[in-house]
Amino acid sequence: MSGGVAAVLGGLRTSGPLLALLALTVGFALADSGFATLANLRIILDSAAVPLVLAVGMTFVIRQGSIDLSIEGLMAACSLVFALAVANDRTQFDLGWLGLPVAAAVGAVFGLANGLIVTRLRVPSFMATLGLGSIGLGVAMLLSGDQPPLVRDTPLRQWALGQTFGVPNLALAAAACLAGGFFVEQFTRLGRYSYVVGGAESVARVSGINVDFYKVVVFAFAGLMAGLAAAMESARLGLGHVEIGAGQMLGTITAVVIGGTSLSGGSGSVLGSAVGVLALTVLANGMVFVGAPPHLEKAIQGAIVLVAAVLAGWHVRDRLRIVK
Amino acid sequence: MTAVALRAEGLSKRFGDTDALRDVTLEVRPCEVVGLVGENGAGKSTLLKLLAGVIEPDVGQIILRGAPVRWRKVRDAADAGIGMMFQEPSLIPGISVAENILLAHEGPGIRLGIVRWRKLFALARAWLVKLGMTISPAAATQSLSFSERQLVAFARALAVEARTREAPILLLDEPTSALDDRGVAAVLQTVEALRTRASVVFVSHRLEEVLRVCDRIYVMKDGRCLAEREAGTLTVEALEQLMVGHEISTDIARDAARPHVAASVCLEVRELSRRDKYADVSLALRHGEVMGIAGAAGSGCEELCRTLFGIDAPQSGTMLLEGRTVALRDPADAVAHGIGYVPAERASEGIIGAMSVAANMTLAHLARFCGRWAIDRRREQDVAERWIERLRIATPSATTRASDLSGGNQQKVALAKWLVGRRPRVLILDHPLRGLDVLARRDILETIRELARDGVGIVIVADSLDELLAVSDTVVVMRDGRVSARYSIAEDRPTRQAILESMV
Amino acid sequence: MRQELAEFGAAAVRLVFALALAGAALPARAQALCEKSQIRLVNSMREITQPYHVNLNKGGRMFARWAGLEDNYVLQLNQGDSDKQIALMRSILATNPKCTVFNVEPNADVVMKPMVDTADRTGAWIVTHWVLNRALHPFEGHDHWIAHVAVNSQAVGVAVSEQLVAAMGGKGGIVALQGRLDTDPAQKRFAGLKAVLAKHPGVTLLAEQPANWDRRAAFPIMQAWLAKYGDRIRGVWAANDDMALGALEALRAAGLAGRIPVVGVDGIPEAIAAIDRGEMTATVSSDAFYQGSIGLAMGTCVLTGQAPPPQTWAKERREFFLRVVVITKDNAAHHAKEPAVDAYAGEWRCDNLWSRATGPAF
Amino acid sequence: MGTVGPAKQPDGNDRFAIGGGRSGAGSGIATGLAPVAVLVALVLAISAFSPSFLSAYSLRVLAAESSVILLLAIGQTIVVILGGIDLSMAALASLTSVIVALLLPELGAGAVLGALCIAALIGALQGLVHARAKIPSFIVTLAGLGLWSGIALAIANTTVPVAGRYEVIGWLDAHTWGVPNAFVLGLAMLGLFQVALARLRFGRHVYAIGMAERVALLSGIRVWHVKTLAFAASGLCSGLAGVVMVARTSSGNPTIADSLLLPSIAAVLIGGTAITGGHGSLARTLIGVCIVAVMRVGVAVAGIAPAYEPIAYGALVVIAVAITVDRQSIGIVK
């Protein structure tokens, strides 16, 4: 490879994801004048909200060297619990705003289960979460029964669909989650140890860190985030749905990895993941804007994911670099 | 009978069907530095890990300050003031130096789960200062050099002091093995200083160090404690005798004249440079010549070796192999050109622990062990056994997994990897003797000489100058990425002093 | 050849009518192929979380109860996994194949041939729905493939599109949310829309995107369109109700719910409710209850000998289009409430199995 | 990884280590038998619900059903042992099915061979990108998943019935002596690659890279060659899976195989192959495939209420892995 290219790209260091995001934005803006408008920015933020919340949780899991494939099933379960807990057309409950924490709690419980299976039964997280996701799906199906329950809680619906100071409320909520995640990651033992566990688990163990404990907590945290995301999505769509999380799993992981968190663990930040999420959202939104031929939409997305990954990873390409 | 800080009583430990430790008893008194010496696989590391609660003994008990204790986890031991520095690199790359030093006992650095960075850095800096280190506690660990990391690891061991009101007990497993002379000095100085307030168990292969800092010395062999001596009464020779059990010559003997060094150059580099690693290095290595490269950490000699093996590309300069210019795109090219490389980090780069000894040996030249289609396992087996015998590798069989071998034997396997195939033109050895015992050291040095005799050009970077002087025909000294001096041993044998001066 | 077939067909029709009459007169004519108690009724469908499928299942159960075979009713869900749909059918046939009736909502048209072949091979009986595969017809030697109850997706597309255009007053821009592009209904329904648009130049198709039948996927797409076209959007066309409802929520977020006509297909309760509220314009229902039961009814009739063996049926009785109803504000209230058994009992009678056939589908 | 502490005791089985070391043998057999035990237990449990499950017919059905997953799992195993993962296999299989269905009438057997070559090439391409651009295989194949299924949809946006020359592949859907030919094909591939992994240089290198890529690099192994080859193999397997799909359904479809990705990966891991790479074997995968097939179909056959199906499936996956996973070779459970 030519030194020139290496130098140029090397200069980008960690800005790879950002650059990908920028390129996409500029590209679409040039392709369609309507893209770079305030209205569309709002929409992008709005549709980035739920994936962002998911990505915050997933970042912690991937950074500690694990992975969480249970998101979709878990969201399904939480979505139904949420819909049934707030004012709805099926049950008498009317918890109102409490619905959010309740859904989050259910998610946390699932996450806890993930963590315990991984640490106690020593099942690789890949399989543990795969299995639990399926269980979550089943639970959701049971709760869903004949009819997807409709959310009748007007204030919640209005909040989920509304804006404050021109910013979609969901986006604000997601931003809060991001800030929270960033704080936990940078300023709490839990966050710092997620680097330690991912970076060198055996060292962490002999240093007397209760690795299993922190692993479980991180899984629970991710579950909590997924529960929250499910609740937000349900409030927005106005029903509890089994397929509320369809397609979120791979999307979230992609965003996190594009955002610079390595799948081998020990590195990365929620901020990077946020950039990754935005990149993917801009991509999806822009696709609709330029009316990309539906058939090729998937293909183009795949291609762009690849390019983004190359951009993000090029500067660290050294001959001894190991990527799995 | 004086008070005893720490006492191990009849400790035994089995791994699989090998006795790592057999009924070992040892004592550490308050404010005493106890030396622990023995060949590789003598059980030193196992003993320390037992004391630090990394693993549990099968038999026997540990008595701390008069009271028997049982470590359920490492934390218990650490809280009781037992700090251990592991032989293996044991720092976390992704986090700051401060976090590494205070890992798992941040004390006031973390309140209610919240990290207070300023406090954390302050605490860490204190320990760094004790070791005379100037690196910032906020520095990212992966940016440190190998020896810096070693010192940080040492600082982490020291840091247990903060965890107990009692006098701490430090278990140092090869704290100096990866360090240049300056680093070694710093560590020894600190150990000296510790004597006033702590007890230390000090493990090292550099016997002179042990004799310098230790009050008492335990000698181990095959998981047993052979002898306990007052340091004052001992000499290096005596100590080696105790370790090995039989007489050996002190200085690693060198055959005076070296007729076999040919005139023909096999490897030459001209004005080789790599940004902030090394600059216009020019060397010529002749067939059968052993070229020792001496240099403090950061002098760029390791990096140079890696370039010679095609791991990092040089920014500028040319490399000639037997007169022809070669551009190495990757190690595979180097191997194809008949260059071999034994890396310094044995565990992570030298051998594949989970693979059999034989498989490790043939890894680089598998093509030579293939029939028309499949691998000829019989041939592989035979060749492996031949080299096991020739290099005196202590292994039950060629099918034993490499990780079951002791460090010295693993190193021999890593070396054999380049010998099983067609003889290499150039062999690059990066700290081949690091952390090896006397016998292993001697076997490997002998092999190096044999290879030289067969006309292989050898580049070697070693820890101690004695080793370099013992085996090299020429010694090249590097400082800050540049060649600062060259000596031809045959004509003018330089003094350690002279070399040291051109190093720093 | 075709000529002969036609003649054969005609002959068959006559024969069948004769049999039907005879059947009505003295039911026990054709001999029973199975003990009634042995008959196993299998409903094979995608899942039961979407209202449409819920109703498929309800319809099936309703019939089973009516026929006194509720204990023999089996529900098979493939979770959108074509391979699994085939696998499930084949594995249940390990026992009692000859008396098993499958009522199949194909996950994708690929499953048709394998499932039909399985029926022929094992002697089980099968009725299929929806998809129309040109190369495949029950009357071409598939004696155990009782019938294919097709839905004329193009007609459906036309019907619903007409409603949309009417609601828009014949002019303005629309956006279209497509289903899974690799499925027949998705394409036919869209083709229907195209056909209608051709007739009304005043209406222009601003954009189309697939949202995979999925409400969640429809939401952001609709949002993006709102940002891009703003008030140029005068109507929303969705290939099914779920997507239509997703779009509706996006409209709600923009404060446009009820101001822009939205149409969907399937006639799920939520959509009907939305139509009642005036937030949706129209949907088309193929009546899931009927689709979920009619195949089982046919099979039962054949197995109990109350209907003659299928190979004697007329072609247009083995592959026919199903009547569909357009639901608008006028009849929404009527369709809102869940139907009772007696609404269908008449159509399950062995001499009246084709009451909703609107003509041959080949 | 640091070898500090007890976390990493040398494992026994599945390193093809010549002969197989002393410490290895014992645990090897133990962990090797665990999946078999799970399979037997599962089959017995289900046949307790529905006795017919053990009938020759059912077993034949099971074999036929598992043949596609088997083919996918074979390719996946190679990649996983290498330390990577291939998320694109199912999409690639779907693409192949479309190509075959389209070209079969004109080209006959040529279409099949061509499609297989294309699949292998695509796989190789992914491996090349992964190894040379140093992008995690997870990402590369994730992108591939999008690309290939997108292209498949673009080529044929719906089911393509085989318009002729079906007999060229039809035999795959038939049986010989009661054994489905597709399954036999799967077993043949299994044997082929088992030999490649255990006896050829390629296999040795795959394991070496999976265990310690740095060492492999520093031993002069051209890692990117090996990776490209391995992914080509998984591509080929995807292709074969696609062909079998066409034989089963006598038509190609751009999404036909998509739902088989996770089951096939599950099969590999349930077999006990470590997702961290370096440890595992195709023999294990075969058992894993059987277990997954039984779970997919059996749970339904056992007459469990639909809503409980995913719950049972999920629980079984976790339990199965908990029993079969070879903890020693994983060392640290990520």
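Letters A, B, C and D name the chains as they come in the text, with residue numbers starting at 1 for each one.
The rule is short, and it goes like this: contacts are C-beta pairs under 8 Å (C-beta built on N, C-alpha and C of every residue); 3 or more make two chains touch, one makes a residue touch a chain.
Note that this is a predicted model, so its numbers are computed, not measured.
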Centroid comparison with chain D (C-alpha atoms), farthest chain: B
By count of C-beta pairs in contact, the leading pair of chains: A-D
Computed distance of Cα centres, chain B from chain A, in Å: 44
Intercentroid distance (Cα basis), chain D paired with chain C, Å: 36
Per-residue overlap in chain A, given as positions that touch at least 2 other chains: 141, 200, 203, 205-206, 295, 297, 319-320
Chain C, residues touching no fewer than two other chains: 47-48, 181
Junction residues of chain D - those touching two or more other chains: 1-5, 153, 157, 214, 217-218, 306-307, 309-310
Pairs of chains, among all present, that meet the touch criterion: A-B, A-C, A-D, B-D, C-D
Contacting residues of chain B [partner chain D, same complex]: 15-17, 49, 54-55, 74, 86, 88-90, 309, 311, 330-332, 334-336, 341, 343, 347-356, 358-359, 363-364, 366-367, 370, 373-375, 377, 380-381, 396-401, 403-404, 417
Of all residues in chain D, those that touch chain B in their complex: 1-6, 9-11, 15-24, 195, 199-201, 204-205, 207-208, 211-212, 214-222, 278-279, 329
Residues on chain A engaged by chain B in the complex (per definition of touch): 3, 186-192, 195-196, 198-200, 203-210, 266-267, 318-320
Residues of chain C defined as touching chain A within the complex: 47-49, 51, 54, 58, 178, 181, 207-210, 214-217, 219-221, 223-230, 246, 249, 252-253, 269-270
Residues of chain A that touch chain C when the two form their complex: 32, 34-35, 37, 39-40, 42-43, 46-47, 140-141, 144, 146-148, 150, 161-162, 233, 236-239, 241-244, 246-247, 284-285, 288-289, 291, 294-295, 297
